[in-house]
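In what follows, a single structure is set out as structure tokens and then discussed.
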Amino acid sequence: MNTPGPFYLGVDLGSTTAKAVVIDGEGAIVSSSTIAMGAVSRAGMHKAVDAALDGAGITNADLSGTVSTGYGRRLVPGAQRTFTEITCHARGTVAMVPGARLVIDIGGQDSKAITVDDEGLVQEFAMNDRCASGTGRFYEVLSQSIDVPLEELGALALQGSNDLEVSTMCATFAETEIVSLLAQDAPIADIASSVHRAIASRTLALVAQVGRHTPVVLTGGVAQNPAAVEFLARALRTEILVPEHPQISGAYGAALLARDADHRGRPVVDDVAGADQLFPRPRPSEPHSCGSCDGTLTGSGTSSTVDLGLPIRLGG
Amino acid sequence: MTATLNTPTTTTDRTNRLKSTRQGGRMVADYWEDLFTARERGKQIVWYNGGALNPIFQAAGLAWCHGEAFAARLAAQGLEGPAQLAGAEHGYNAELCSYSRTHLGCAVLTVQGDEGINTGVVGAHDQAELAARLPAPDFFVNNYAGCSTGQQWDEISYRVFDKEVPIFNISHPFLWGNKPDAGYLTGEEWESASYYVRDQLLALITWLEERTGNPFDWDMLRESMTYIKRAAELRREGLELCKAKPAPATFWDWISAIAPINFLPGNQELVDYFESVRDEIQDRVDKGISGVENEKYRVYFDGIMNWNKLGFLSRKFAEHGVAVLAGRYITNAFWQEPQLIDTDDPLLGMAQHYLLCPTNHGTKTLDYLTLRDCEEYDVDGIVFHSTRTCRAFTGPQRLLARSAQNNLGIPSIFFEGDVADASFYKEEILESRLAAMLEGIDVKRTQAS
Amino acid sequence: MSRGAAALEALRAVARDPRSHIEAWRSAHPEGKVLGVLPMNFPRELAHAAGVMAVIVPDDQQPVTEGRAFLPEFYCGYTRNLADQAATGRFDQYDGLFVADHCIQLLGSADVVRALEPDRRVFLGQLISSLSDSWAGQKTAQMMSLLRTEVESFAGTTIDDDALRASIASFNRDRDLMRQIFDARAGGDVSYSPVDLQDIVASAQIMDPDEHHALLSDVVAERQFLPRDERIRVHLSGHLCHAPRRELLEVIEEVGAVIVDDDLWTGRRYLQAGMDESLAPMDALAKWYAGRNTALPCPTRVQHDVDWDAWLLDAVKRSDAEAVVHLMPKFCEPHMLFYPELRRALDEAGVPQLLIETEHEGIPLESFRTRLEALIERTHRNRPAYA
């Protein structure tokens, strides 16, 4: 890796995946990694960071700033600042899809709707409450109940008819209800399709809290499910843009925020006046050994600049 | 999550619904069409909630829209979604009374429609449709007993319309039963509350006269209340006939007959309608025809109607041979004590009916009414519709269930649903609990025989 | 420990363990009666004048167990907690329960108490809630008079007008002192943490006003002006009828906010309005009730020309707050109904805001922290230093 610095690292430690992104001084992604974990784990996070640094051919010492985000943001050693995933998703997504006005992020345990301005700054946001309804967890329940791998759900749902009457208030009841539909011999494609449609209507209710603005971008792991995108597009009556790497938008935003601070000519910790005293600071860096890693590498650290490409346009 | 197959895969429809209630459906449809075009006919329009003030509005020369009824209508037609979305976009929480949030959503759409604002979430077509359908109000009148939310709801409607539409509030003491002499239709508390509300009705009439410029037509009030009283008597006769075994008609039939008694104008047509309902029931009693094929169980229903599920629930219970034949929302609501109405001077009796809202009693009185009805209709069990966003109806339910079990040995089940938000309905819970209750009844019968 | 610190500790102890305080009062007054009253409008002065200890029944923060059998899960946490107190015998410490508010959920819980505690008097003296009506004043006066009669009957004594005047003066003095602290906070003095202030007000809702005032005077005597730091200045709004969890108040300040004012029930809402001591005492009670809603508008009341949203904007200006956090107890219908009005007003004024729904059990602090931090991050952009 011969690209000269500066480099910035963004780390997004979510509930089920750890993501790390290295960008250069222009804000372009140099490398990224996504690690699926069973649960929030330092090991998975270290693995993601290492993969991203390796991919960029740099070490910690080459970084001019690191920002962490996600529910585990305070576990990330070496980060000078944490930002919430709300701020980071907004920043990252608007950089990936300039002009976006509404960011919908559906992660493993929560979902968010964020309205943003031109610069990727948050206007309003809404999150699902602690109920997992409408989140990635819900698709997992569906996947287990009808015994279809998660990654095949979308294709299946697109084949089915979605006119089973389904409502989705409570994830806890999901499994028994689906079993009941199976017992009534409803085709699994129809069940999958109807559940996707119902989840989209939950997302619509979330969007209602912040107002429907266009263009709409969907990020998070669920954005990789074509049926989820399609049904959401129908519910919102607009096309849904999906960045090429929807899972890393938070980490990318974190890296951009590190760069923003640097560009303002001050260390990232001083990004906001008085920030030193005000913000929860990550614990001091602690040594780690990759020998204890339990993370599974799903996205390999890439060794060349990631082409963000044009957002995929689906639905509408 | 709740999932329901649209087409029942089990048995055929075992309900035998009354034919005569269909005429009521047509009358109600005509009423709404009339309301939707009232503005063009030069009518002023009042939005109101709570007790049936329509005879007063009729005599004041106004067209009237009952907020809960409009929300129920949208839900029954599966059209509540856009209004609720507009409500959500405006900031109303999904746990808020779904009548109010559906109706407030319509209010938001109506205001936006008038101002040419496009809401983001609700499709332009739906918005135009809803906004154009429900004419904006010239007045608000709140007549809500038995639930604090009712009064607050209209105050918020008033604010959604930027305080530009005048509002009148009628306050109703909650019939708590503080004194030893307090009871159903009796006691000092009942008397003083009746006159307090009657006095406010007089003030309302003056207020309407001042604002509409129309002199209040007292003769028309007496006339329409005479028809309503007669219709209510016929309705009561029909309800009494349903004590027969097998039950000639069900709770669901009476649900279909709510709209006419709740807000249609008092006239001969209304009387004719309830006469035909009563006659059809009498005919069934004479011929031994039942409202549910092979009635096996008799059940009391406590809760507001789950309007999105009316047909579905009626089939579901019938499938199990269950005749749902009485319920608080039917037996103890809607001009249910017509003997209180003095047609020469109807205001006091009207005020009393507003106070007799089935959520305006302390649990002591509700307990009396519920046990009385369970005995008179000889029911085997109670189904409580734990109406998610209606705290007024659901508050006393657990106490009522205990009392029915302790005093009459009657079992009960609870199922969750809502008045106007289908997403709260949990099919599996109802199915399994109903089956369990019926099995228990079977066991009890076997032991007794 | 200094005298002031000890006094604050004593107030904190009452706020956090009201049961022990009530038991201690009973030991000292073996013939005395303890009356539970439900928030938010019952005039405790009446009970005080009758020699009764009147306690605004607090949410005792115990998990709801047996109470689940009596009220549905979609009742607010406060009312479910009351049902649980009744179901588990924790309500035994009260000799009766008086209610003056008409909230349907409060009535539901009061009815559970009535059913489970048949020997205790559970009285509803419903104050008119539609305050714009021309007859509202007369109706309020009538109800105050009825409440007086009922309290007398409960206490087994008559209430002397002079005693009532003295009680009014006692409560006024205590509220005045608390209001001074809240006004000082709005003016920039953060000597007391939000948890301290909550303990101060929550204990006032339980204690005898003179006793409370004496302790609070000791606390205030040692107050040293503490200016705000650079954190984001936040107004807390809502949380009717009961206290938010202390952990939540702490998290709000941990993430980079300093609370500068509030309209919470265990805050300014309780103490904003005083009684006019120049009036005949019964007139003072009635005027106080009507005036409470103008002093700090409440969504449970209906008064067409009084606006919580306008009050909130003024309060934000007075305290120089930069953001508003709405604390909404889940299922609180008056708050759910009024919230869009607040949101609209703050949006138009460009004040960042965040809605947090609280539940009785379980507090998802991490999720709250994320939302709060996002609010703080966003609000920082409004500061010149950020440009």
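Labels for the chains are A, B and C, by order of writing; each one numbers its residues from 1.
The rule is simple: contacts are C-beta pairs under 8 Å (C-beta built on N, C-alpha and C of every residue); 3 or more make two chains touch, one makes a residue touch a chain.
These numbers were taken from a predicted model, which means no experiment stands behind them.
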Quick check: more C-beta contact pairs in B-C or A-C? B-C
Relative to chain B, chain with the most remote C-alpha centre: A
Approximately how many whole Å separate the CA-defined centres of chain A and chain B? 46
Taking the mean of the C-alpha atoms as each chain's centre, how many Å separate chain B from chain C? 35
Separation of mean Cα positions, chain C and chain A [Å, integer]: 41
Scan chain C for residues touching two or more other chains and write them down. 357
Give the residues of chain A touching no fewer than two other chains, as numbers and ranges. none
Chain B residues touching 2+ other chains are 91
Using the touch definition from the top, list the residues of chain B that touch chain A in their complex. 1-6, 9, 85, 88-89, 91, 94, 120-121, 123, 422-428, 431
In their shared complex, chain C is touched by residues of chain B numbered 90-93, 95-97, 100, 142, 146-149, 151-153, 155-156, 158-159, 163, 167, 169, 171, 173-174, 176, 178, 200, 203, 359, 362-364, 386, 388-389, 391-392, 394-399
For chain A, which residues are in contact with chain C within the complex? 71, 82-87, 110, 121-122, 125, 127, 129-130, 272-274, 277-280
Residue set of chain C touching chain B in the complex reads 69-72, 74-75, 102-105, 107-108, 111-112, 114-115, 123-124, 126, 128-130, 132-135, 139, 150, 299-300, 302, 304, 328, 330-331, 333-334, 336-341, 343-344, 357
Quick check on the complex: what are the chain A residues that touch chain B? 133, 163-171, 173-174, 176-178, 180-181, 184-186, 191, 194-195, 198, 204-205, 207-209, 211-213, 237
